[in-house]
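Starting off with a structure, shown below.
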Amino acid sequence: MRTLILAFALAGLWFTTARADPPGLTGRWSVSVDFFGVPRYFTMQLAQQGPGLSGNFDGDDLTGTVNGSDVAIAAKDVRGGYENLKATLRDGGLTGSIEIAFSNDVSHPSTHEFTATPVHPRPGKPTRHVFTPTAFHRQFSAAIKPVLTVAPGDTIATWTVDAGGSDAKGTARSLGGNPETGPFYIDGALPGDTLVVRIVKLRLNRDWAISDDGVVPRGLDSGLAVTMKDNGKGVRWRLDRSRGVATSEATNPHLAGYTVPLRPMLGCVGVAPGPAQAPPPTGDSGGWGGNMDFNEVVEGATVYLPVSNPGALLYIGDAHAAQGDGELTGDALETSADVELTVDVIPGKRVPGPRVEGATHLFAVGLGGSLDDAFRIATSNMAAWLTDQYQLTPSEVAQVLGTVAEYRVTEVADRNAGIALGIRKDRLRALVRAK
Amino acid sequence: MRTLILAFALAGLWFTTARADPPGLTGRWSVSVDFFGVPRYFTMQLAQQGPGLSGNFDGDDLTGTVNGSDVAIAAKDVRGGYENLKATLRDGGLTGSIEIAFSNDVSHPSTHEFTATPVHPRPGKPTRHVFTPTAFHRQFSAAIKPVLTVAPGDTIATWTVDAGGSDAKGTARSLGGNPETGPFYIDGALPGDTLVVRIVKLRLNRDWAISDDGVVPRGLDSGLAVTMKDNGKGVRWRLDRSRGVATSEATNPHLAGYTVPLRPMLGCVGVAPGPAQAPPPTGDSGGWGGNMDFNEVVEGATVYLPVSNPGALLYIGDAHAAQGDGELTGDALETSADVELTVDVIPGKRVPGPRVEGATHLFAVGLGGSLDDAFRIATSNMAAWLTDQYQLTPSEVAQVLGTVAEYRVTEVADRNAGIALGIRKDRLRALVRAK
Amino acid sequence: MRTLILAFALAGLWFTTARADPPGLTGRWSVSVDFFGVPRYFTMQLAQQGPGLSGNFDGDDLTGTVNGSDVAIAAKDVRGGYENLKATLRDGGLTGSIEIAFSNDVSHPSTHEFTATPVHPRPGKPTRHVFTPTAFHRQFSAAIKPVLTVAPGDTIATWTVDAGGSDAKGTARSLGGNPETGPFYIDGALPGDTLVVRIVKLRLNRDWAISDDGVVPRGLDSGLAVTMKDNGKGVRWRLDRSRGVATSEATNPHLAGYTVPLRPMLGCVGVAPGPAQAPPPTGDSGGWGGNMDFNEVVEGATVYLPVSNPGALLYIGDAHAAQGDGELTGDALETSADVELTVDVIPGKRVPGPRVEGATHLFAVGLGGSLDDAFRIATSNMAAWLTDQYQLTPSEVAQVLGTVAEYRVTEVADRNAGIALGIRKDRLRALVRAK
Amino acid sequence: MRTLILAFALAGLWFTTARADPPGLTGRWSVSVDFFGVPRYFTMQLAQQGPGLSGNFDGDDLTGTVNGSDVAIAAKDVRGGYENLKATLRDGGLTGSIEIAFSNDVSHPSTHEFTATPVHPRPGKPTRHVFTPTAFHRQFSAAIKPVLTVAPGDTIATWTVDAGGSDAKGTARSLGGNPETGPFYIDGALPGDTLVVRIVKLRLNRDWAISDDGVVPRGLDSGLAVTMKDNGKGVRWRLDRSRGVATSEATNPHLAGYTVPLRPMLGCVGVAPGPAQAPPPTGDSGGWGGNMDFNEVVEGATVYLPVSNPGALLYIGDAHAAQGDGELTGDALETSADVELTVDVIPGKRVPGPRVEGATHLFAVGLGGSLDDAFRIATSNMAAWLTDQYQLTPSEVAQVLGTVAEYRVTEVADRNAGIALGIRKDRLRALVRAK
C-alpha cells in the first residue's frame, strides 16, 4: 500500500470515526431526493444528543429534533438557501419530504420526497471477490444495476473484453466501443467522496491485439491528412507474452524487425456521473474518468476519481497491450485482460478530476475539448492537489509547478483530448505536509 | 559524435563530393536575387563539361553555356515556371540578371539583378573558436552582421547573458527579452540545408537566477485565474553549483526544504528566417527554432534547424538553470551560462522544423498558436522524419507513432505553444535504414 | 414553402417514385440487424422482376431470388465486404439472418438476426397534428418511445417547457437541462436520409424568462475571469409581448432603459443519434443537431438534420425569448413556447451536419470541442453543400467561400462550441444548378 | 463626425485643457529614457506653481522643483517603485538622468539618460494633407522615419499598393507581403493614448484584383484538406467599378454568372508597437491592429488603436475590393486603392486592443493564436469598453453581452486568428452614459 500514502494519511482519520455503530441517528447518511423522477444525492452528517440533532446537510449547518419516529431537520446556508426535512424513521432509515430553496436561485422553493439511509461502518477485514462478467456495458451509467457490492479495502479479481467486445478466446461478447466490466458498488462511497482504485494486477490473457494504421484528425495538419488519406485499415498484432513484445502482422516492408514492448494498461477506469446527467458513452471521458487512455494506468498504479453516486459505480475496460502517448491511430493494441483491483474511499474529500499515482510520479489528468482546455484543467487539478495536500500558497504552487511540471499528451483520439501533468514524487518529499 | 549518427550517415555522402575544388564552375552555388532591395536566395548546382553546363537551379533542371566570361543558364519546372540567367564571371563569382516566372503565378515574369558565389569546400580539420560577445541582439535577424564565421565541423566556445540581459557578474549588458549571442555565420550553409548544432558544453557561470511566481494565461482556467490573481512577483533563486540544486529566496513558508535539481538548458537556439520575412523578436519561436524553451536542449543534445540564409546565422541565448515543462511561470530559472557548440551542415536536406536529438530520444518540435496546432505540427515533423530517414510507408509511420510516441508540452509561456514528439532511439534500431 | 426550394427541387423527384404501392417486394426497405442486442440499421432498395431481385443493400449492389415466402439476397462491395441474407416473407415484412463481412475488417464475418419492413408510400395529403406533451426527456435518445408518428409533409403543433423544466404557467414539469418535447417519428425517414424541419410558428406563451449574469469560461481570459468572479446569479426578465421587448428585473443601476427585442428561437432541434451510440444529454450538440443554441433557428427557418434511426426521432425544446450570439451567460432568456413544425424527408441524401435555411441566408453549422474545430467543420459542411447542390469544383468552392462567407459564433456555453458559416441566398442565385 | 460621438464626448474635455500654451513647465510631456540604446517612453504631466512642480510620471504622483534651468523631480508608486529625475531645461525641453526602480522587481534600481519634450497644443484648424508615397514598408516598425507629420484632426489623402506590391497601374513597387503606406506621425499622440482613424474615403483605382483558389489550413478538416489538395492557384478578378461587381477570370464552368459586390476595405490599419518590441511583419496583427483583414474597415468606419510610440506611427495598406469573412482563401480580392483618413487622439485613455465603429455597429476585435483565444480577447476588449464608457457593473456587462453580442470570425488566414464582437449601436442608446 506504499503508493497510497498520500491519500491515506488523510483518509485514516476519517475511517476511525466510522468504524463503530453510531448511537441513535449519529453518523453519515446518504440522502436521495426525487426531482421529477430523477434522484439527486446529498450527504448528511448527524450527531444526536438526546432528542437534539446537529450536523450538516450537504455542507449547510443543521439542527433537528427526534420525537419517537418523527424527525425534523432544518439547514441553511449563508446565501439564503435552505433545506427543511420532515421524516419518519423506519427500519433504520428515514423517509419523508424535503423543502429546498437553492441559494442564488430566483425561482420558488420546491418540495420533494426523499429517503435517507445510514452509511455502513467499514468492515474490519478486507475481502477478495472473484467476479466473472456476463454482460458488458457501453455507457458509464448510474441506471445499470451493480454487478457486485464490495466494501472499502476489498479486492476484485475479474477480466475485461477488448474494445471491440471480444474476450480472451476471441469470442464476441458485445457490440464494440469499449464495453465495460461493472458497475461495482463500493459500499459507503457517497457523492462528495473520492474513490481510490489500485490496479493490483493487470495481465494479458490472449496472444493477439487489434489496432489501426491511420492517424486521428487531431494529429493531422493539412499535409499529413493528404499523406494519410488511404490509411485506416485494421492491423492485427501478435502478442508474445514470453518475450514481452508485440509485432505487427500487417504487410510492412520496413518493419520486419520492429517490436513493441508490452506494457498492459486500462484505457477505461471510470465512475458513473450523477443521475441528473445523461450517461456518457464508453468512448467518452471527463472529470469522472472513463476512457482516459492514459498509458500510465498500469499494474501498480492508483486512480483517484470523484464520486457522484452512492456506491461510486465503478466501470473498467478497454485494456491495451501497449500504447504510445495519445492513442494516435485511434486505437492502441486492443486486447482482453485479467484485472485485479483494490478499492477504497476517501470520505468527504472530492478530487476535482482524475488523478493517477504511479511508481515515480503523481499525475493530474485534464480532459477537455481541445488540448489547450485539457492543459488548463490538468494544471488546475494539480494546483488544487498541491494546495490541499501541502497547503501551499498560490505563489508556492506556481514556484513548484514552474520547476517540476512534466506535461504529457495522453489522449487525442476521443472527443475529449487529454493532458496529464506529472510530478516526480521524490521532488515533493521535502514539502511540509498538511496536518 | 555518437548522437549524430542518424543525420551524418546521410550527410557523409554529400560532404565527400564537396571536399575538393570543383573544376570550372562545377559545384554548389549560392545565388542572391534582388527583389526591390530585398534579397531572395536560391541554391544552384552546376556541372561543367567543356562549354556546357548542366545541373539544377532551386530544384529545376538547367542547361547552360560558358563563353569566356559570359555565362547563360536556363532552367524550368514542370508547371510552367522558369528562370533565365545571363551573367558575367568575375573573381570566381557570377553577376548578372535573372528573369523569373513562378509557376502557378498569374502575373508576368520579372527581371532582377543577381550575384552568385561558389560554396567553399569543407576544410579538412575543424577549428575551435573562442568568442567573447560584446553586443546582444533582440531579434533573430538576417540583417545583423555576423560576429564570427566558422566552418562546418568547427566548435564555438562563448557565453550568453540571461533573459533580462545580465551577464555572469550580474552586470546589465542589454535590455531584456532574451538578448542573444551571435549571429554566427556557418560557411557553406545554404537555404535548403539543415544546420546541426551540438551542445558540447553548457555550464552555469554564476550563483543566482531570476524567475516569477505567477502562472501564464495559457495555464489558467477561470478558477485558477482568480486564485493566482495577486501573483506575478519576481523570485530570486540561489544556484548551488556544488550540490547541483537551486533554492528559492522568496518567503515561502512551506518550501523550506524544497530544492530544484540544476539541469542547465538553452531557451533559445535559432537561425534567422529568410530576409523577406520580418525578423522575429527573441521571445518568439517557429520552424526556424528560436525561443523554444524546451528543457531537453541540454549539454550533449543536438539541435537540427532549417537554413534560410547563406551562413545559416545562428543565435543562442536565454539559458535556464532548470525549467519545468512549459515554462509555466513565464520564465524559468533565468541565468547566464558558458556554452560550447559544434556546428555542422547537412546540405540539400531541409528539416521541416526543429528537431532535437538527446541521449535517449529523438524529438520533433511543433510550435504553433495553440497546443492543438503545435501537436499537429510536431506529428507532421516526426512523420516526415520517419519517412525520410527510414522510407516508411504512411501505414508504417502510423503504426510506429501509434506505439512509440511520447508527447510532451514544451512551452506555454510564449506566443507560440510548443509540443515535442519524442521517440526512444532504441525503439527505432530495428527499422530498416534508408539507403 | 419558398424557403425550401433548394432542398425540394431535388427531393421532389424521389418522392414521385414512392407514391404508389410497389409491386411485389419492389421499393425501399428499412432493415434492422441485431448486434448483441443493439440494432444496427441499413436501407435496402429492391426491384422485383418475376422471382429475381436487384437493387442495393446499404449502397452495395445486390441480387436475389424470391421463392414463395423464401427470400435470398446477396450483396457485396468492391473492397471485399459482403452481406448474405436469408429471410422469410410474412405480413409484408422479412425476417431472417444476415451474414456480414465488413470491408477493411480483419476479423471474421458474423451472422445476426434481422427484420426488414417496407417503407410506406408518402400520403397524398398532409395532416396537421396537435400534440400536448406530458413527459419531457433529457436525452436525445433512440430508446424513448415516440410520442407521435407523422408523415412527411405533416405539421405538428405543440409546445415546449423552458430549459429549467417549467411550462407556460410556471409549473415545474421536469428536472432542468433542456427537457425536450418528442420524440416524433417521421414515417419513411431512414438512416441515410435528411430530415427537414420547418418552423412554421414559434410564439412565446408567458411573460417571463430566466437568465444568468455570469460569463461562461470560454468567454473569459484571465483578466475577465477575475472581474466576473462574483457573478453567476439568476436574472429574471419581463417579456412584454405587446411591445416586443424584454427587460431585466435585476438591480441594474445603469440598465434602467435597456431593452432586448424579443426574437424567439429554439435552442434545441435534434434527432436521436444511432442506437449504437449512447444517447447524448439534452445540453449537448453534434452532427445530429441538438442543443445548438443558434439564434437563427426562428419562426420561418428550416433545419436540415441527418437521419440515423428509422423515423428520425425528432426532439425540440429550450426556447429562448432572445439570445445574443454564443449564449455568453450560459443561458439565454429561457422560456416556454408554442411551436408549429412542418417536417419532411429527403430520401437517400444525408447532410453531413446541421444546416439552417433562413429568410436571407443558408447556414452550415459546425459543432466541435473548440471554436477552431467548429470552424473547420462548418467550412467542410458548407463546401459539401456547394459541391452537392451546384456541383462546384474544389477551386470554385474556394472562390465562392472566399468572397461570400459570413462566419458567426453561435454557441460557447456548452460542451461543443458552434460556428455557423452563412451565405446570402441572393449571392448563389446565379450559380448553375445541379441537374 | 457623427460616428465618433462615443469617443469624443470623452475626448473633448481633455482637448480643452491642451489648447492654450502652458505656463512654465505646465502641461503634458513626452519622456524618452534610454535603456541600453533602446528608448522607453513615459508620459509626464506637470503643473508648475512658482518653483514647485506637481503632477504625475507614468501615473505615479510626483513633486519637483525648478531652480533656473535645473529641474528635479521625484515620483513614487504605492508598491515601492520610484523615479528620480535630474534635468536641465534647454530650448523648452528637458535633458538629464533618471533613476528608476520598478515595483515588484527584485533587481536593483538603474539610472539612465532621458529627454523630455512638451506636447504641442492641438492646432485650431485641421489641415488636409495630400501625400504621394514613394517607399512601402513591410514591418510595422517604430524605427522607420515618419513620412509625414500631421496634427490631431487633420486629414491625409494618399494611396496604397496591393498586397503584392503593385500600384494602380500594375507597376511593382515593392516586394509583396502587404507593403504599407506610412508611417504617419500624429503630433501629440503619446504612449497611453488612443489613436482614432476615420476612413473618410476608400476607393478602388484599378480594374483588377488578385486572389487565390485554395483554403487556408485553419479552414481545413482532414476531409477538406484532401479535397482541396490541388488548389492554391492564383485567380485574377475583373473589377467593374461602374456596376460595382467583381468577376473571376479563372476557368470556372459553374461560375459563369457569379459576381461579387465590390465593398472596398483596408486589410491593414496599424500603429507601430513600442520600440522595445521587435517590429512585426505586415502580415501580422495584434493589439496594435495591423493586418486585421476585417471586412468592416470600409469607407465611413473609424478604427481605434492603442498608441505605443510618440506620434503613434500609423501605417495603412492591403486594400481589398471585397472579402468574405476570414479571408478563407488566404487572400481577398487584392488591389490598390485611394484612401483618405482623418486622424485624432484621445489622450490618456488607451484602448486594450483594436476597436472599429461602423455605421450601425461597434466592434471589439480580438486577435490571438487560435479562434478560442481571439474570442476571449474580443470579449474582454468589449467588456472593458462597456465598463469604461457606461460604467456598467460586471453583472450588467454580462447581461448586455448575453443579449446583444454578435460575434464574427474576421480572419483565419494569418498567424493570428481574429474574432470581432459587434454590438448594434441602437441597442446601447438607452444606457446611462458615463459622466
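Just so it is clear, A, B, C and D label the chains in written order, and each chain counts residues from 1 on its own.
As a convention for this text, a residue touches a chain if its C-beta (ideal position, glycine included) is under 8 Å from a C-beta of that chain, and two chains touch if they have at least 3 such contacts.
Just so it is clear, the model here is predicted, and its values are computed rather than measured.
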{"item": "Chain at maximum distance from subunit B, centres defined as averaged CA atoms", "value": "C"}
{"item": "Chain pair with more C-beta contacts, A-C versus C-D", "value": "C-D"}
{"item": "Whole-Å gap between the CA centroids of subunit B and subunit C", "value": "50"}
{"item": "Interchain centroid distance [CA atoms averaged], subunit C/subunit D, Å", "value": "44"}
{"item": "Centre-of-Cα separation between subunit C and subunit A, whole angstrom", "value": "33"}
{"item": "Residues within subunit C bordering two or more other chains", "value": "220-221, 223, 228, 233, 235, 370, 372, 417"}
{"item": "Residue ranges of subunit A in contact with subunit B within the complex", "value": "211-215, 218-221, 223-224, 227-228, 230-231, 233, 235, 246, 248, 250, 252-260, 322-329, 332-333, 370-372, 375-377, 379-380, 383, 390-396, 398-409, 412, 417, 419, 430-432"}
{"item": "Partner subunit A, residues of subunit D touching it in the complex", "value": "217, 220-223, 225-226, 228-229, 370, 372"}
{"item": "Residue ranges of subunit B in contact with subunit D within the complex", "value": "35-38, 104-107, 110, 138-139, 164-166, 172-175, 177, 210, 232-236, 276-282, 284, 368-370, 372-373, 415-417"}
